[in-house]
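So that you can tell them apart, the chains are marked A, B and C in the order they are listed, and the count of residues begins at 1 in each.
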Amino acid sequence: MLNKFWNLNKTIQKQIIETLIFASEFPISLDELLDIIENKLDFSGLVEQASEITTIEINNVEEVIMNTIEEINSDLQNSNRPYKIIKVANGYTFATRNEFGKILGSLPKFRNKKRFSKAMLETLAIIAYKQPITKPEIEEIRGTNSSEVVNTLLERDLIKIVGRKDTVGRPFMYGTTIEFLKTFGISDLSELPNLEEIRTLIEIKNTREELTLKIDFEEENN
Amino acid sequence: MLNKFWNLNKTIQKQIIETLIFASEFPISLDELLDIIENKLDFSGLVEQASEITTIEINNVEEVIMNTIEEINSDLQNSNRPYKIIKVANGYTFATRNEFGKILGSLPKFRNKKRFSKAMLETLAIIAYKQPITKPEIEEIRGTNSSEVVNTLLERDLIKIVGRKDTVGRPFMYGTTIEFLKTFGISDLSELPNLEEIRTLIEIKNTREELTLKIDFEEENN
Amino acid sequence: MYKIILPIFEGPLDLLLYFIKRDEINIYDIPIARITDEFLNYLKMMKELDIEVASEFVVMASTLMEIKAKMLLPIEKKDELTQSEDPRKELVQQLLDYQVFKEASQSLENNLEFMQNIYYRGIYESDISELSAKFKTYKPASVYDLAKAFYEIIKRKEEEGFQIIKIAEYKIEDAISNILEILTKEQQISFQKLCLNEKKQIVVLYFVAILELVKQGKIYAYQSDLNGDIFLFSVSKFYKN
């Protein structure tokens, strides 16, 4: 069933989608976009024009929207806009083009914003894969006290408290935030490299080193 | 004194100003724009091209910037963007064009639910931790009139009236709502950190980080 | 004078992995004696440099020494122990797990490189604009922000000399055990001495505790006259004497 949105002409369709992405504080997902344009918007202010689309059977509305976003991006590029729409944190959002991001990044206040310590990255990786996870569990994996780093990550809004675990002391459980996805340019947690694959890779690496070692040893013996 | 910014070609000048307005969280003033482009940005990544402007005496940089913003606005209009740059409270910011703003208005509370002013957050925190609590009690803790902020929280469905206190005037007592729990992503009030936990979350000795920093510094010096 | 460059380790596991990599050690067959020596030498060096050694390093040192001791047991004795499980097994597993997350954090770091020049809308917070004061305080909030806001109010109040009234958890049980404890050391104790400088709630609590102890037959209470002090004696001691 096609509603009024699909009866609007293409330019207005593009503009509505661009408006929604532009106005949203968080990356807006395909589902949300669809729900809004099909069920929630009031188009009465816009002149409705039947476009050729009504005569075409739309099989895959998601695909139509994705194509529309692609078209908006071409328009933005062609009209020299310094920003574009990117897909991140399960949705679409505006971000600077590389060359202008670079200029912006030269501002003194941004200088340290993208710097992460080894401890922060390690802890984030553990939380990203194992969430919801408590601090004692993080510390068991890292083998070291992690209070400060958890605090820093909370302060930087990269992780959040998502509840308490029903064990002694009811410790907090932590999970990653939208800010985490945005910072690392991840669209979905499932995009992270598979843990089992990493494990296998490391096992291969470890055994290969062992192999090299053996060969070295044999060579030495010869 | 004219710096490198004024040596860039007009298209790039426009793009840089558009980037700054795009990136600013709140309306950005002319003074701040000027300060950034003249003193804070590093353009070394861009090919510098002497444009005709260098030969012209610029008497009034503010005026040049205002004209540039006007030009960006024409570009936005010509390329059918549904937003433009407007001047609000002495600063420049992006806003949707009227006809598209109207569309957004038809959305129920458009994804803006998680924004809090300091007063709102403070009051909400007091109510969350001390509920049921009356307005006079809140005001005694905050040391300031809190009628307006309590009303805002009521409107946003984050708090509710839970009864009356048996004291003079029988004032209303307030407590948090299910919407409050949803907004903060917790399943019940016992998941809020208690005072002791907040203390350990926030007051963590940074000795270890300092050590890391010291040693990093030495490495850099070598 | 020359400088010593000390590599930074995220903890004892990180340090062990460093040794394993540097010395091309087979992680599945760690020469425990050698690595224990290396580990201890490192700790010694840290101490000499007057760097505080975190407790987890000390714990790891003792774990390593324990494993080393087990490895030194003669084979027959080892067999007697549970099917002679390799004492290194747990440590190796811990190292492997940690290695997996180190690798994963490497991939996060690669993401950062890719995101280096990407900035989102609204990322720049104004410094000099007069508008910032009006708008700046608007921010998305988490449970952490909420808790922090509350904590800051409490701290501010404490600085203003405001007393946060804690609901004191005075328990009868505490008063009872306190009286009994005193009576194991002292021959007797007077009610007035017990309640000296105590708050009204505590006095009431002690009184209730005394009634309870008398009822349970654990103490005797004597009063010389109607308004006189009450003296408490332990029943067991009373009979012994």
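Throughout what follows, a contact is a pair of C-beta atoms (placed from the backbone, for glycine too) under 8 Å apart; a residue touches a chain by one contact, two chains touch by 3 or more.
Worth saying up front: this structure is predicted, and the values here are computed from it rather than measured.
Taken as a graph of touching chains, this assembly is complete, with every chain in contact with every other.
Farthest from chain A in terms of Cα centroid separation is C.
Per-chain Cα centroids separate chain A from chain B by 21 Å. Taking each chain's centre as the mean of its C-alpha atoms, chain A lies 35 Å from chain C.
Multi-chain contact residues of chain B (touching two or more other chains): 20, 22-23, 94, 114-115, 185-186, 191, 193, 197, 201-202, 208, 212. Across the assembly, chain C contributes residues 8, 54, 119-121, 124-125, 127, 140, 142-144 that each touch 2 or more other chains. On the chain A side of its complex with chain B, the touching residues are 11, 14-16, 18-20, 22-26, 28, 36, 40-43, 45-46, 75, 78-83, 94, 96, 99-100, 102-104, 106-108, 117, 145, 147-148, 151, 154, 160-164, 170, 172.
Put simply, chain B touches chain C in their complex at residues 20, 22-29, 31-32, 35, 89-91, 94, 114-119, 121-122, 124-126, 128-129, 141-142, 184-186, 191-193, 195, 197-199, 201-202, 207-208, 211-212, 215-216, 218-219, 221-222. On the chain A side of its complex with chain C, the touching residues are 22, 25, 83, 86, 93-96, 98-99, 101-102, 104-105, 107, 109-110, 114, 116, 118-119, 121-122, 124-126, 128-129, 141-145, 154-155, 157, 160-161, 177, 182-186, 192-193, 195, 198-199, 201-203, 206-207, 209-210, 212-213.
Residue ranges of chain C in contact with chain B, taken from their complex: 3, 5-6, 8, 51-52, 54, 119-132, 134-154, 157.
Residue ranges of chain C in contact with chain A, taken from their complex: 8, 10-14, 24, 26-29, 54, 56, 60, 94, 96-109, 111-112, 114-121, 124-125, 127, 140, 142-144.
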